[in-house]
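One chain, subunit A, links the two complexes that follow: it is found with subunit B in the first and with subunit C in the second.
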Partner chain A sequence: MSDETRRADDTGTVDETGTGLAGGDLLTRWRSVKERESFVILGTVVAVLLFPYLFARAPVVSEILQGYQSLAELMLIWGIFVIGFDLLHGYTGLLSFGHAAFWGGGAYAAGVFAIHVSGSPIAMILVGTTFAVLLAWVLGFLSLRRGGIYFAILTLAFAQMLFYVALQPLSNLTGGDNGLGIGGSTIEPLLGFIPLDAGVPVITMFVDTWMYMLIGIAMVVTVAFAYRVLNSPYGMVFRAIRENEQRAEFVGLNVWRYKLMSFVLSGAIAGLAGSLFAIQQARVPVESLFWTTSGEVVIMSVIGGVGSLFGGPIGAALYLYISNIVQGMSEVVLFTQIDKLFPGAQAVVLPEWASPAPYWHLILGLLFVLVVVFIPRGGIWGGLQSIGSRIGSRFGGDR
Partner chain B sequence: MAVVTGPATGRGGGGGDYPSLGNFPIEGDAAVFGFNVPTTGPYSSEGEDELRAYELAAKHLNEGGGWVDSQFDDLSGDGVLDYQIDYVEGDTATDPSQATNSANQMVDRDGVIMFSGGSSSATAIAQQQVAQDSKVLYMCCLTHSNETTGVECRRYGFREMFNAYTTGQALAPVVAEEYGEDNSFYQLYADYSWGQTQQESMNQFLTEIAGWEQVDSVPTPLGTDDYSSFLSEAANSGADVLILNHYGLDGATSLQQAVDAGLKDSMTLLVPLYNRPMAEAAGDAISGVFGTAAWDSQIDNEASNQFTEVFQEEYDRIPSGPAQLAYAQTLQYAAAVERAGTFYPPEVIRQLEDYEYDNIGMGAETMRACDHQAIRDVPVVRGLPGEEQEQGSYFEIVNVTSRDDLWYGCDEGPAAECELGPYGDE
Partner chain C sequence: MSQSDETATEVDRETTDTSDRSTVGQSILEVDAIDAYYGESHILRDLSLHVEEGEICALLGRNGAGKTTTLRSIASTAEPEVRAGQIRFYGHEITHMATEDVAVRGISLVPEERRIFPDLTVEENIHVAEVVRNRSNVLGRNISFDREQMPDEDLYEVFPRLEERLSQKGGTLSGGEQQMLAIARALKQNPDLLMLDEPYEGLAPQIIQSVEAAIERIREDGTTVLLVEQNAVAAMNVADRCYVVDQGSVVFEGTAEELRNDEETRQRYLGV
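Presenting the complex of A and B:
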C-alpha cells in the first residue's frame, strides 16, 4: 500500500503533461474504493443484474454465447456452492472431497420438506440450509480429527455413505435412483403470492423471473456474508490456520474450533446452494450426492481461483458453459456462429470433425491443465487481477 | 420455468384462440423438435440408432415418404400445419442430471414444441418432469421401467414402449412351457429404476405363473465392466436359471461373460429385454436365450416391412427396436397435432389420450388415457446360434403375445400409483 501512495505522489512531479496526475489520482481512489465492503456488494448486485441479460437476452452477445436463462440460474447456484467450498479450501486450507453431502443433503432436505410439509421457497431454503449446518457439524466433528489427505478421504467416505443411503435404504423418501421428483406445481409462490416464473416488474429485461431474483439475492447475501467473515478477525484466523496451523495454535487460538466453524459455514453455504438447486430444478437427482459432484466443485474452484471470492462463480460459469453449451455445439451451430461474426464466410463448410461437441470433456480438461500450469495461484480470477494491475501500473505512470 | 411471452393467439393454432403456454405459440416458420438421446454412456448404441430414426421422421414429415405416405392418413408430408419441422439434438449421456440440463436447454433456448428420447428409464423420468413443469410435450422413446407410467407418470409424457411388468407376463408362460415348472432362479439386475422394477416383475410372474422359486436377486452398478464376481456367486447358488436384467452394452457384456464363464452349460440364461445392438455385440452368446424385444424387423406386416425398407435405404442398415419407437413416437405426435388442428399442448394431449391405432407394425393399440401407456402386444424372442446369425437377424420371434393376455387395469399394478397432473389449461 505504501508503495502505491509513493507512486501517486511521484507522478505529479515527474509527469509534465499532467495526464499522469489525474490518472494516478483516480487510480489511488479506485484502489481504496474497490476494497470497501459497500463497493464489493454493489459490484455484485450490478453483476448479478447484468449477467442474465448479457448471457441470455442481449442482442449480439447472447447470440454468440448461445446462452439461456435457466443456465444463467444454474451458474449462479453453482457459483454460491463454489464460494462455500472455497471458504473452507481456499481460506482455511482444508480440502474436502465430500461437499456433495451438503449440496445434496440440503437439496434433499428442501425437497422432502416441500413434498411433505410446505412448498414455500423461503421455508425450503431455511430447512435445506439448516439441515446442511447440522450435517456439517456432525461430519466436521468426525472428519476434522485428521488433516490433509486423511481429512479429504474421510469427507469423501461420509458423502459416499450418504449417497448409498439415499440410493437404497431411504429410497421411499428420496426416490432412489429416479431422483426426488418435487414437481414445479409443488413449489409454492414466493411469500405466498409471487409465482417464481412470473416476470419481475421494471427490471424484467435484466433478470426475467422471480426465480432468478431469488437466486440473485441469495448470491448477493452469500458474497456479503463471506466478505464480512473473511475480512473480520475471525477470517484472519482462518487464513492464519491455512498458513501455519501450529503457529496459530501456539498463539493460543483454539484451532480445532475455528476449523469446525469454517467447515460449518462452508456446509451452510453449500446447503443454501443445494436448496436453491432443488427449487430451480423441481427435482433432486441422486447424483447430487455422488462423489462426482464433490469433484466438480473442486474443479470449478481451481479454474476460477482458489482463495478468491469472485473466482468461484467464474469457475462455475465456465465449467457449466462447457458442459452444457459446448457439449451441444455441433459443427453446424459453430458454423452459424462464425458466419454471424464474419459475414460472408458462407463458402466454408465445416467438416463433421470440427464439431466441438464430442470433445467437451477434453476441452474442460485442457482448460483445467492450462489454469494449473499458467495461473496456479488464483486461477482465472487471479489472472484477470494481475492483468488489471499491470494495466493499472502502466496508467499510474510507474517508471 | 420457460414461459415464452408472445402474442396471445398464434398461427400455431392454424385457427382457434389459444393462450400461450409453454413454447406455444411457435415463433417463426418452423416447429422445432428436440431429440434428447444418449450418444455417450452405456446406452449410446441405442441412442445413435434412435437419432437416425428421429432424423428420418423429421425428413419424412417435411418431404413425405415412409409411414407418412402410407400409414398415417393425418400427415401430409409437407410439414405439420403449415410449419416445416426443424430439430435440435442433445446428449443425455445416460445420466438423469445431464438429461434434465439438456432438456431444459432445448425448452428454454431452442424453443422446442415437443421433445423425445430416452434409453434409460431414469433419464426418461427426469425428462418427463421437465415436460410437465415447462408444459412442453415429451414423447418417451425407450423406457421400460414400470414407474415411467406408474408412480412417475406425467400428463405431458406418453409411452409407446411396454414395461417390465408385461415382459414378466409375456415371458413367464413361454419359459414355463420350455423349461418345466420346478425351477429355481437367480437374478442379477442393473441397479436403477428399470432394473429394480424389472427384477420385481420377473420375480412376481415367474413365481405366480410359472411356479418357479427365487433364490436371490442381486443389484449390479450401471456401467459395470466385470461381472465375474457376481456371476460366480450366481453359479454357486444352486439355481437352475440365471436372469440377467441388464440392457445396452451392460447386457451384452454380462451375457458374454456369463457364457465365457461356462454358466450356459450349468444354468439356463434369460435376458428379459433384448434389442438388436445388444444381440449384435453379444454374438453367439445369445444362442437359445429367451427375452422380449421392443420391436423387430422380422415382425412381418406391412408397416414393419415399410419401415425396415426406408430405414435401410437411408442408412444401409437394419433398424433396431428403439429406432422404430423413435420414428413412431415422432409421427404419432405430429399426427395428433394435425388432428387437433393446433400445436396447443392440452389439445394435442387430448388427441393422444385413448387414441386407437394400428399403423406402427405392432397390431392394434390404445394409448390409454389413465396412465399414458400404450396397450399393445409384446414380442417374445429367442437368440439364434452364431452360425445362423446373419446381418440383421440375431434372434427368432417365438410369439407375439397378444395384448389381451397382458397388461393391467387403470386401478391395478403400476397404473394404480399414477397421477398424471394438470393439462395446463384448467
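Presenting the complex of A and C:
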C-alpha cells in the first residue's frame, strides 16, 4: 500500500467511539503530524544523521551489525536510486528493466566530466543528473510507445545497448571492461575547500566525513523532492495512470505526456544516485550499466515496498547488508560483549558450518520470496506500518 | 507543438465552441453513418444518431448490439477503429481525435464496470480531472484552470454521500457509491455531454432509483446526457429520446413515449 493511500485510511479512521479517548486523541494527532511535509523531511534528516553512527560506530549495535561507514554511504546512494525507480514503478505503474542506463549513464557522465573538465563534486552531480535527464527523455520517448512487458523489454534492450557501447566502441572514454578509474585525487574538495574525507565539525561522531554529508544531503533533497511531487497534482495523476490508463484518458489526461514526465523524473533521481556513486567509489565499473544493476534495483524496491517513499531505502539497505556483511560472515561470534557484563565470560564462536556466508544468495532469495508471498504490495515498509497500526489500535485507536 | 501553441489552439477552440453553442436545443453531437471495427470484425454498420442539447438520450439494445462500441467511437478510444463516417461535436469533427482531447472539448465518458480509481481517495478521484487544464503550476498545490470546473458545493449537493466519504479510498465504496463517484468525477469537468455506459449495471433497485434521480438532476442543471443501458425500462424512465441498436445499426429512433407504445420493437429488440 502506498504512503498516500495509507494516509487516506488514517484520516478516515478517527476515534469517535469514546473508548480510549486519550490514546485515540494522541494517535489522531500523531497520524496528522506524521504526514506533514515538514515532519517527513525532519524525520529523514534525523534518520540520515543517526544512521551511520548506529550502523558503524555505536557500541553494541554496530558490533552486532558489523557495519562500516562506506557501506552506510553506499546504502544511502542505492536508497536514492530505489526512490527514483519507485517513482516510476510504484507510483506510475511502469516497470522498467533498464534503469541501469540512468544510474550508469549518470555515473559515467560525472566520471568523464571529472577527468576531462572539473572534479568539483557539485559539478559532477549536476552533469551526471543532467545527462540522465536527457537520456531518460530519449529512452522514455522511444520506450513508452509500448506498454506492459514490451515497455520493460524495450528499456532492458536500450540499457544493454548502452552497456555494449560503453564496453567496446567507447572504451577509450569509459575504460571498457576495466571500468572508468577516476582516482580519488581527481575529485576536488567540496566547494573548493572542504576535502570529502575530512571530518564534519561538531557532528563527526554521527556522520564522520563530508562525503557522507554530501550523500546525506542528496538523500534529504531527494525525499523532499519526491514527497512534493507525489503529493502534488502530478503525483495524483501518476497514481491514476497506474490504476487505469484508459480511464485517465477519459478524464482528459494526456497519459503519454505524464508517463514521460514520470520517466524523466525517475531517470533524474537515478542519475543523481549514479553521480554520487562515481564520487564515492572514485571509479565507475562497466557493470553499473549491466542488466544485473537494473535487476538489483527491482529486487530492492520489492523487498522495501513498492509504492512507498521509505520502502526503497530500507530495501536497498537490506540487500546491501546481505550482499556485503552476511556474505563476509565466515565466522559467527555470539555474545562478543559478554565479558563486560560478566568478567571472565567468553564469546561463543559457532562452528564453521553455521556460517551464513556461503548461503547469502539463498538468504536474499528467501527474503524476496517471503516478502512477495506475505507482504507483496507493502514490502518491509508496509509490514512495519501494519505493525504500527496494530499497536496504535491496541493503545486507543480504532485500528 | 509548443505549450504556448497548444494553449493558443485551445483558446481558439473554446472561443469557436462558445459561439457555436448559442442555439439551445440544437444537435450538439452528430454521429453520421459510421462504420467501426475491432480488428477485422465489423461492429457498427452505417450507424447514425444525434443528441440534442439539454436532453437525455438513451441508446438501448441487447448485449453485443454495439452500444458500448458507439460510445467508445465517440470517445475516440484506441479501439474500435472508425473507418467510415464522421462524428461531429458542436459542428467540429472529432472522429479521430485523441481520447484526452475529446474529453477536454467537453465530452465525458463514464465507462462500464469498475469506473473509478480504486486506490485513490474519493476526493482525489473527483479532483484528478482538475489537472487536465493545469498547464502552469507543476508542483504547487494551488491549481488554476482555463475551463471552469463544477464547484464542489454543487457536486456534493447532487451526491451528498460522497462528501461524507472524501478521505475514504474509492475501492472501499459500495457499488452504487462507486457509480455516483464515477459520475461526480465526470461532472467535475463541467462537460457539455455526459456519456454513461451501463450506469445501472449490477445495482440494487433502490440504488438504481438514486442514480436515476442524480441523472435527472444533472439534466436539470443543463448537462446533456447520452445513456447506454441494457435495462431498457429504467432507461426509458429518464430518457427524452431513445435509439434502439441491433447488430451495429439503428433500428428505432423516437421519443421514450413512442418506444413504450411500440410493443413490437420492445419485444423484438429489447425483450421487454
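Criterion: the second predicted complex is superposed on the first by the 358 of 399 C-alpha atoms of A that agree within 3 Å, B and C clash if a C-alpha of one lies under 4 Å from a C-alpha of the other, contacts with A are read in each partner's own complex, and residues count from 1 in each chain.
Keep in mind that, in the parts below, a contact is a pair of C-beta atoms (placed from the backbone, for glycine too) under 8 Å apart; a residue touches a chain by one contact, two chains touch by 3 or more.
This one's a predicted model, so the numbers in the text were calculated from it and none came from an experiment.
Asker: Of the two partner chains, subunit B (first) and subunit C (second), which one does A:A282 touch, if any: first, second, both, or neither?
Answerer: Only subunit B is touched by A:A282; subunit C is not.
Asker: Which of the two partners, first being subunit B and second being subunit C, lies in contact with A:E243: first, second, both, or neither?
Answerer: Second partner only, subunit C.
Asker: Please work out whether A:P233 is in contact with subunit B alone, subunit C alone, both, or neither, and reply first, second, both or neither.
Answerer: Touch partner of A:P233: subunit C, not subunit B.
Asker: Check the residue A:G147 against both partner chains and state whether it touches subunit B (first), subunit C (second), both, or neither.
Answerer: neither
Asker: A:G383 in the overlay: touching subunit B, subunit C, both, or neither? Say first, second, both or neither.
Answerer: neither
Asker: Touch test for A:N254: subunit B only (first), subunit C only (second), both, or neither?
Answerer: The answer is second: A:N254 touches subunit C but not subunit B.
Asker: Applying the touch criterion given at the start, work out whether A:G392 contacts subunit B, subunit C, both or neither, answering first, second, both or neither.
Answerer: Neither partner.
Asker: Touch check for A:G183: first (subunit B), second (subunit C), both, or neither?
Answerer: After superposing on A, A:G183 lies in contact with subunit B but is clear of subunit C.
Asker: Once the complexes are superposed, what residues of subunit A are shared between the subunit B interface and the subunit C interface?
Answerer: none
Asker: Quick one: which bits of subunit C touch subunit A in the complex? Just the residue numbers, please.
Answerer: Residues of subunit C touching subunit A: 75, 77, 98-101, 103-104, 108-111, 114-121, 124, 127-132, 134, 137-141, 143, 165, 167-169, 185, 189.
Asker: In their shared complex, at which residues does subunit A touch subunit B?
Answerer: Residue positions touching the partner: 66-71, 74, 167, 176-179, 181, 183-185, 197, 199, 209, 211, 281-283, 285-288, 323-325, 327-328, 330, 357.
Asker: In their complex, what parts of subunit B are in touch with subunit A?
Answerer: 1-3, 5, 88-91, 95-97, 100-102, 104-105, 108-109, 121-122, 125-126, 129, 132-134, 147, 152, 191-193, 196, 421-422
Asker: So in the complex, the part of subunit A that touches subunit C is made up of which residues?
Answerer: Where subunit A meets subunit C, its residues are 2, 5, 8-9, 11-12, 228-229, 231-234, 236-237, 239-240, 242-244, 246-255.
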